[in-house]
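Each of the two complexes below includes chain A, the first together with chain B, the second together with chain C.
Let's look at the complex of A and B:
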């Protein structure tokens, strides 16, 4: 008996790629889409499908950011505040009715960088002050809202920047520019996740942080970087909402924090970290959007929707943890 | 063979609160040699290994690498000096590829400016895997590999220190065989012999036959000291084992005088054909007042049997009777109600709530004992807890002190008292009740066990060492590979020798 014989003997399939578990959300997406399509002719119209995808754009960008944080096993509740601050920033920097600024693309860049700064703040609080990410990001969200409120100063800035306004209106190949921006974000996110040390370490931190430390990797800078990256996505999300509304609102990011976590988790990214990823989250976003839209199309009262969505999230998480359930397990 | 040893340890000392884990250990690892390290639980093996890879800072003593004195502050430090360890509980990131794990922390050309070059990474990993002749796909996700394959990945990872230190490495394998099948062990041994061509290996195992099989030389540790060195050629396990356990103390460490004679009538606990995931067809009888020890090596399934008897582990077949009455144990609550108590091995994690008071910990399970109706009755609780603090001579400032601030022995007494306050305890399951305790505290726990037995409690004991099992038990069940291999009577005055038991364990 030589070493080679034993080591090579059992060779199961799909060692590199997706496992059976990863297939769950895409299959669910197809099945649910199929059900709604069968039930409602309006739902399966081209127009409606475009609607669903366009409506998913902002959520997709925010979810991209949050996915990296979740992959690491941390949580990020700062999206709403960061988006508010970035929305006000961008609307006051591009052509608007409050001042004479007209910085165009530069203004957008500043808004995104502001998002980075907020994310960095969350990361620093986590790593240096050892504040759990839940509280750190909740605090940063409040700071973001505070900054946004200061900038809002009681008068709503309406934007008149042609480019920014066109993002929500102009279409390319049937989809709004915003949708293409979201697609680009997903692509960039996927490249980061797959081809950069930052992305891979974020994944590894969620898998087994101690092992990284034992292998001589300094984990802290990567944690800060991941939160900073997430902040950039939220910043862009705030810009996108401003484009849709044509005005900068403090509440631009309202509800996106929890919707993004929902989408990521439904897509198969675990809150405990180490599993899932950008593509999972993209599927999750579509799943959530198809559900919301489909329920309306088949005539479910909008009053029911919040509750139904909540049920689906709990069911999705329960399904995800079934393989790991055991007796006397502690769940907090 | 060069005269300078690859690694040498002189007079290494490490204190932990209440325990001297290392008490002047000497160790020499020659170049291109496989050195075995043997010793019972608590002999200081794991502390020594941790000191060698920089995870534990010794209080005194020197470590020399190729004749040079070194201070090892971290795993990375140790790696720079060419020392690497394959950990017992594997240290791979499960959701990364094998290749990433192999190069983790020193990616070199595989990552440039933070961007992955998957091709370069695969090549680098393949180089390491080729060294050990392994054909694992470097891009396979680590959690899809078998345990044996993951071990190969770990060895490949450790071998990367060769490039780092520019010297022949010293590879430490901590209990690498404990969960392997015999065929996989063969492969591993072939691997170790291959490693010897260009490296030195330190091999640690509970199984003495393996140590003798694969090592050139064995150093035996006992109570934190090196007590001997054996060339394996011609040596037998018996010899090694004698060195490991040393001469047993002549004093009555186990309070054998206090051992009450068991008046056998109907057994208190009677188990027939109990089977679960890692144990099969277990028969076990324990009479009131009897202490039955279950012994076996790591992976023999004895811990799982113990947990199953407390309803904490699912069973697939078999029957459990208490005092002749058939009982079901679907959960731990049912076990408590049946008068079964369990003292878990991980005291700090499973045994107690560290931040809560002695009183709270003591009344955690038997709430009724301290309550009037649904309400906690402070006076009732105080009287009850104080009486047990006195009876077990628990040294605590008062009943409201957080249990985490007591010494290990006193903590364990509180954990035991938890089962006694209800007054309805019939069977105690003790999983390593003296783990991490010093000699004095051990002795007190032993005395307490004797008293409980004398009062008619039946006890199942998973002892920390063979010596302890033999000292305490009236009867010993030897488990091997999930089954009861044999049962040995163990009366006071007619104790079996550890060697008789070891024969059945391996």
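Let's look at the complex of A and C:
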């Protein structure tokens, strides 16, 4: 119970600041959506809105995982490797053109568990070997890519599993199954963050780990658990990419590590930990997807897009942290 | 190299050492050896090395397989090196190789980028190792100026971009809108291939380029970009031109998810196995093959022929020192021939190694 008070105390002090800050990213999302909608009739079509949400599915799941790690004040760069390994695993375990396996759901479960194992490895390296999370997860990413390359063995496995393929193609209420899976992940993530000890301790570790330790909380198991949870999300992300592409690619997770961190930060989850959360990150994911989609829809030349996108992201983050500037935080 | 007692450094040097285990203990070959080795090594003394970015894509995997096939045909083994697309790692591997016995060393190298070629070439030249490079080199760096850099092989991207552009135009009946998926915009391959598409568009005036977007040679990015472009242009899209097969395969998935599978023609470049299968199944229209298996074998074959004295560098025609190799348009008619990557031993006979020269690199 003592720990509980330590967690809530700093939040209570900045209540007004918090609500102001929390409003930033959703407002930015609405403004950017409004601007694109005004500029392009195709952008505001129902089809395109469905397209944006569908395209956000994988990033949303990966961002869910990374958000827990960021809340804790650590960083996680293992998404690319873990997703690659899980993509290859699932594509070799469900019906495919490389072997006679046909494990269906069980194969998907194994891939997610593999993600857990990789996440656990990151956590153990951080807690037991004292490797900074930055290096530990980078190493785990390399291990994941190595494992994936071994499984790849020169021939791309193409999946023919009807269920996994249908996830990307079949729709329910206008959205692909994958989108509903992502929505479920966000819900589960939010419930964990809000109602479990794991979620609340992740916040607390990011906010003030020393205080938590001094209060007699053993933080190490929670740190490992957070990385394991994140790994599960990456594992599922790898499965989802496989479903979308119809094949297991070593590069399945290429770029997702940094896109997910970008999305989380744009949404208001701070890299310093202790702030933000799953819902913030979900908004951040939508913001990033609206941006990439909108720039194509209004016809910005591909030569300009990268630069323009970066500029808007920096502007959005700057706008989101303005309310904090007064608090004179050190920015590293 | 400074040696520090840190474990990370130890692990790094250990792994580097492992990569080039055989050469570590030997003394560095002096400059004097260079002229002597011209006289000819014994076949069994030749050391064959194939270096590519990674083994995690079908193209480079087939490259290394081709190298293995050639090495086996002369009773040797190819050393396979991969550097994960990391320029620094590539240079380290090369310097480790060159620090060993370089007298009969033959290297078939895929430089990571244009700027990675000069240090490799200079190192090989000093050590007297035989070198064939492929794809990337700065325009002003020429094999003809070096003694042991035998050849540079590349492919005419303008030609392949145009070939698939024309195939796409034919497939959609000469009229209609197409969209283009570009590669990484600042690479020569992306620029040349797109220039080829523009040339094709000039010739096929009925075909209109509705939109062009970069999908960075990535299957996943192509999927997202194509879905966005399909919502933007709807049924006006009759064809999709992709600067490589991975993007073409991503576009195919996007078409399937949009319920337009089979209604839009798709073309790509590289002839990866999945694209060949898609062409055989009628889902894709065309691709272009550079024949990765051949690339993996030919670089070693050229080097082997020179190292064993069957070819003299001085006798190799100037046009064969840096050249565009022949590439093949793959359509449904000939897809079966490309379905199984195979190497033809006749290609690697010393009299035939330059048979696929399509033109000098200018």
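Methods note: the second predicted complex is superposed on the first by the 296 of 332 C-alpha atoms of A that agree within 3 Å, B and C clash if a C-alpha of one lies under 4 Å from a C-alpha of the other, contacts with A are read in each partner's own complex, and residues count from 1 in each chain.
We take it that a residue touches a chain if its C-beta (ideal position, glycine included) is under 8 Å from a C-beta of that chain, and two chains touch if they have at least 3 such contacts.
Worth saying up front: this structure is predicted, and the values here are computed from it rather than measured.
Student: Between chain B (first) and chain C (second), which, if any, makes contact with A:185: first, second, both or neither?
Tutor: Neither partner.
Student: Now for A:195: first (chain B), second (chain C), both, or neither, which partner does it touch?
Tutor: The answer is first: A:195 touches chain B but not chain C.
Student: Figure out whether A:247 sits in contact with chain B (first) or chain C (second), or with both, or with neither.
Tutor: A:247 contacts chain C only, not chain B.
Student: For A:158, is the partner it touches chain B (first), chain C (second), both, or none of the two (neither)?
Tutor: second
Student: For A:85, using the defined touch cut-off, is the partner it touches chain B, chain C, both, or neither? Pick first, second, both or neither.
Tutor: Neither partner.
Student: In the overlaid three-chain picture, which partner chain does A:208 touch, first (chain B) or second (chain C), both, or neither?
Tutor: Once the two structures are laid over each other on A, A:208 reaches chain B alone.
Student: A:62 contacts which: chain B (first), chain C (second), both, neither?
Tutor: So A:62 meets neither chain B nor chain C here.
Student: Under the definition above, what is the set of chain A residues touching chain C in their complex?
Tutor: On the chain A side, the touching residues are 42, 45, 47-48, 51, 54-55, 145, 148-149, 152, 154-156, 158, 168-169, 176, 241, 244-247, 249-252, 254, 292-293, 296-297, 299, 302-303, 305.
Student: Okay, in this complex, where on chain B does chain A touch?
Tutor: 74-76, 79, 91-97, 100, 104-107, 111, 114-116, 118, 132-137, 139-141, 144-146, 148-149, 152, 183-184, 186-187, 190-191, 194, 312-314, 331-332
Student: In the complex formed with chain A, which residues of chain C make contact?
Tutor: It is residues 54-58, 61-62, 65, 182, 185, 211-214, 218-220, 223-225, 227-229, 231-232, 249-250, 253, 256-257, 272-274 of chain C that touch chain A.
Student: For a test of understanding, state which residues of chain A touch chain B in their complex under the given definition.
Tutor: 1-4, 6-8, 10, 12, 14-16, 19, 194-198, 200, 203-204, 206-208, 210-212, 214-217, 274-275, 327-328
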